[in-house]
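What follows is a pair of complexes built around chain A, which joins chain B in one and chain C in the other.
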Partner chain A sequence: MVEFKIDARSLREFADIVVSLNQEAKIDFTNKGLSTKIIDPAHIAMVLLEIDKDTFQDFKVEDEESIGIDIERLRNAMKLASSTDIINFKADGKRISIKYGNLSYNIPIIDPSSISTPKMLNLEIPNKIITDFNLVLTGIKAAENFADVVTFHMKTDELKILAKGESDLENAELSIPKSLAKEYVFSEEAKSSYSLDYLSNFVRSLESVTDISIMLKTDYPLKIEAPVFNGKGKVTFILAPRIESI
Partner chain B sequence: MTIPRKVDDIPYPPELCARCKAQKMLCGRSKCPILEKFYISMNLKYVKEVQGSSPPSVFIGSKNYPKVNVGPAAPLKNGDTSYMEDTSKLINLPLDDIISIRYSLYRGFRNLNVDSPRNPPSYLLDVYDLVLSSKPTFVEMEYYKITETLQIDAQSQPFGPGGIIKRFEHSHGTSNQKLEKVYYDSDLKAYDAVVLLNSNGVPFHEIQKVFSLGMLGNSKNRKLVPTRWSITAVDSILSEYYENRIKNYEDIDGYYFFENHNLGNNYFIFVFPWSYIYENIETWGIGSVWVGNRGMSIEEEFEDGKRKVRNPKMGGSFFATKLPILEYLDSIQKKAGILAIRYVTGDYYIPIGVWQVRENIKLALRNRKAISNIDDFFHIVREKTGVDFKYFSKIYKIVKTQKRLEV
Partner chain C sequence: MDLPLAEKYRPQFLDQLKRDKAIEEIRKWARAWKEGKPIKPGLLIYGPPGTGKTSAAMALAREMGWEYYELNASDVRSKKLLEQTAILTSQYFQLSDHPSRLKLIVLDEVDSLYERNEQGYDTGGKSAILQLLNSTQNPVVLIANDPYQLKSSTTGRQIADKCLEVNFQRYRSTQIYSTLKEICFKENMNCPDDVLKDIAERANGDMRAAINDLEGFNANFRGETRDQTENIYSLINDAIFGRRDFQEIKIGMINLGEDPNNLILFFIENIFKLNDDKMKFHEALERLAKADVFLGRVLSRNNYAMWGYANDLISSISTMKLPPNKNYRFSYPNLIRKMAELRTSRNIRRNISAMGGRYVHKSSNFVSLNILPIIASISAKDEKFKNKMKERFGDIFEELESIEP
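Here is the complex of A and B:
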């Protein structure tokens, strides 16, 4: 049995992050908190989400347990909650009950063994920048206007987020100079492109993030890490690159 | 406005006709100038009365919706006429034979509101009875006058002439129990009924008939659906069902190629390890029915698990191509990305409906050949058609550029 309380805003953010990749999730509960690994069906992107039990109120886990949840259903069950509502979550036996205000919902638990979970990849990425999340978000939103692919280019003194339109005359570029970075680790110049489909969905699902760390290597998976839920949780996102020359 | 003598004289780009297929009337005329020549050239026999064995067959028009023409179809002969309706047999015949068989099916109509299945009048109950029978059934129809010419359609099967009938009688035979069971189950949803019939092995054309007559679903919601629309509806329902089944299977274990060349239609299919994505490219080559010598027309549509194509440029063939491939993947319990190319030549001189696409794809799926990558696929297709389709393909771009995580 698993039981906890959490504000609707946080649970919604959790659901949005997961749903950006897959509709179903296997969530592992221990007495320290919860974690989940999600991979999209085409194996292009994955997310690791770890949340400390301090994020919740009255967090109770009897034994270590894995629960399969249809996240779309969970989102529907929370549709009527305002963001400050406290949600009572309880998973027992075959169903999950969600209560807030005078409302209560029940949704079925999915067999966790039917949900494929990825192994975490061991990536060696030499470059890293930690900077303001909103700055990066602006760069990605600007790229969405032009293309379905965005390019990250890291030089000795700046990170550029670029997108090219159909003609050479169309493009968008956002520059984050080293001076705006909270941490800037540079060991080699790196330039790599990624599908905006996946990246936009992911970054747009982040609500409680202020700082974001980006790790980049040429034609290699992109790794993004960010503290979530006031530093009591952590999200890691990995996205396979696009190789632009056919 | 005069009717052009030849397709080539039509003053519109070929793509317009390839997208319209005499269904959307994109040129603004009330009759399709391409099909007009067939109506003129066919030798029609106008009769006052039809006595013959219905396979059984029915037709529901889309004109004047929601008051539509509904009724049975039957030839002027007796005996086992089931082959006239059975698409898995028709597909093996030459085009000339298919159309002469189908044009010998005379249609009888009564004009009914689409809501009538909720409280069926006795005429509709008679039609239901006919469709439920498991064997060809003798019918008699007496016309006021034959008013409709041939039904030539890119979507539905061809039909012969038709008109409003004074009198309709039929003999009674044994019923198809699988159909009967869902017909009398007024709590079963139409979606679930279609899925159930399909898993019970009922052929597509029979499911589509009972669907279009409003014989499925909750009795309060039953409705007549014009034949043309019911085909895509059943295709979509079954595709959705199979897509949900395959999404949790493992990736297919290699790159596979399938092909079939029949009735002037050339099909090339490529399946590869990926999650569900589907691309359909349809090409009307020089000399083919909708474009003539005006030029080639190429239409492309792409969908993935999240964003579905609801109104494809090529019409119902998009759905009719997808269904047998999904069925195939379910039968081998694998998920895959799907790319299907249709290349039509001048030998396909008259449209006979999307059943032809569905049956030809099924035939193609009987032989699979392992190839080494997507470039091989486009190379084979280029050898056979002279067209390098990779420049039109979104899947080509995705597969060549998007790396996957190795987990």
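Here is the complex of A and C:
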């Protein structure tokens, strides 16, 4: 049995992050908190999410347990909650019950073995930049107007986020110079392209984030890490590189 | 957990498939991918069920170090999935900690994507596959039972142009036999040799079916001697040669739970080769003929009590003790086999007859018997007539050509 209380805003952010990749999630509960690994149906992106139990109130987990949740249903159940409402979450046997105010919902639990989870990757990425989240968000929003692919280019003194339109004349480019970065680790020039849809869905699902770290290597998965829930949780996003046709 | 034997002994490596020539071509195709996208980005593996098509794709991915990304096209959501995920995933490297790894995109059972809707048009599955082959940066495998169905339309031929075609033929019964023997050995099963041979023969080249039969045989008859087992071949062998008496055969036939209409086909098929003693042979066929009359009455009067008389007549063959023949081998009824093989072409014929019937205001039966042969022979000679017919009937008309000689 799993039981906890959390404010609607945080639970909503959690659900938004998961739903940016997949509708269903297998969530592992331990007495330290919860964690989940999500992979999208096309197997090109994954999210790892860990949340410490301090984020919750009255966090109770009897045994370590994995629960399959249809996140879309969870979001529907929370539609009527205002962001300051405290949500009572309880998973027991076959169903999850959600209570806030005078409302209560029950949604079924999905068999967790039916949900595919990604293999853990051991990525070695030499370049890293930590910078302001909103800056990156702006770059990605700018790219959305042009293409469905976004290219990250890391040089000795700046990170460029660029998107090319259909013709060479059309493009958008955001530059993050070394001076704006809180941390800038450069070891080799790197340039790689990624799916903009996935990236923007993910970035737009983050709300409580201020700093974001980006790790980049040529033709290698992109890794983005950010602390969430006031530093009590951590989200990692990994995206497969696009194959550039020659 | 116990896996089914067919799954447990699924070939893990390409060489285990025992298809040297086809495997060589597949390897060549896969190696070409190392140098970038080849002219033929797809691999079309076709062949009847149980010939190792899916196993070949899995083994290839393992051998090349590619991720195996399978879309089973018989899934209801397949078309949408195909467009949303397969085409998307084909543009990206696999998610892995090794740099630049490709993945093998496998569309299993693509035949089901060609299904036409009622108006006779493609539902869009083929054009999605073509788009996938055009845009992919990863190797794509298409697995089909019937390549002909694919090539029956322009889009289908464009797909085939972009694929290396590899045909997986039915396994020979000797190959199936030796595989069964190997499994028996590994599983420590005690299965008589002649049963293995019968299973191998009856499987008709379908390795999976043969292994499933073996498993079924083993599960049902473990530890019992063969004479007490009830399976269709031992029962029929015993009945024909009179190794069991009339009453035992009759009870055995009831226990078998097989439809007497099928059972009688087994008897006809197997007795037919035993014509050394002409008098007994004649008498046996006479009894089967009478039994068949009763089976017919069951159908026409819906009176299933008549099955009893038919069963009596069939079982009574055991009293005649037909003399064994040196060349005798138990075989599966040809009629049933042929009907199954012709199912596709029968369907095509039925559809086109129904369409034609609407034009000439006749039954589809009439069209099938009297008009189709004429249309087929005229269109073979007259190009103009053929094109006109194609206009009227659409793609399905081309399929008619393939089934009419």
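Simple rule for what comes next: the second predicted complex is superposed on the first by the 245 of 246 C-alpha atoms of A that agree within 3 Å, B and C clash if a C-alpha of one lies under 4 Å from a C-alpha of the other, contacts with A are read in each partner's own complex, and residues count from 1 in each chain.
Keep this in mind: a contact is a pair of C-beta atoms (placed from the backbone, for glycine too) under 8 Å apart; a residue touches a chain by one contact, two chains touch by 3 or more.
In this text the structure is predicted, and so the values were computed from the model without any measurement.
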Chain A as common anchor, with chain B and chain C clashing or fitting: clash
First (chain B), second (chain C), both or neither touched by A:122: second
Chain B versus chain C as contact partner of A:234, first or second or both or neither: neither
Touched partner set for A:178, first chain B, second chain C, both or neither: neither
Touching partner for A:114 - first (chain B), second (chain C), both, neither: first
Contacts of A:160 with chain B and chain C, given as first, second, both or neither: neither
Which of chain B and chain C A:45 touches, first, second, both or neither: both
Which of chain B and chain C A:141 touches, first, second, both or neither: neither
Touched partner set for A:221, first chain B, second chain C, both or neither: both
Offending stretch of chain B which, after superposing on A, collides with chain C (from 59-67, 95-103, 167-175 or 203-211): 95-103
Chain B/chain C common contact set on chain A: 39, 41-46, 118, 121, 195, 219, 221, 238, 240-243, 246
Chain B - residues contacting chain A, complex: 247-248, 274-277, 305, 335, 397, 400-407
Complex interface listing, chain A residues touching chain C: 39, 41-46, 118, 121-124, 195, 217, 219-221, 238-243, 245-246
Complex interface listing, chain A residues touching chain B: 39-46, 114, 116, 118-119, 121, 195, 219, 221, 238, 240-244, 246
Chain C residues within the chain A interface of the complex: 36-37, 67, 69, 81, 84-86, 88-89, 91-97, 99-100, 102-103, 137-138
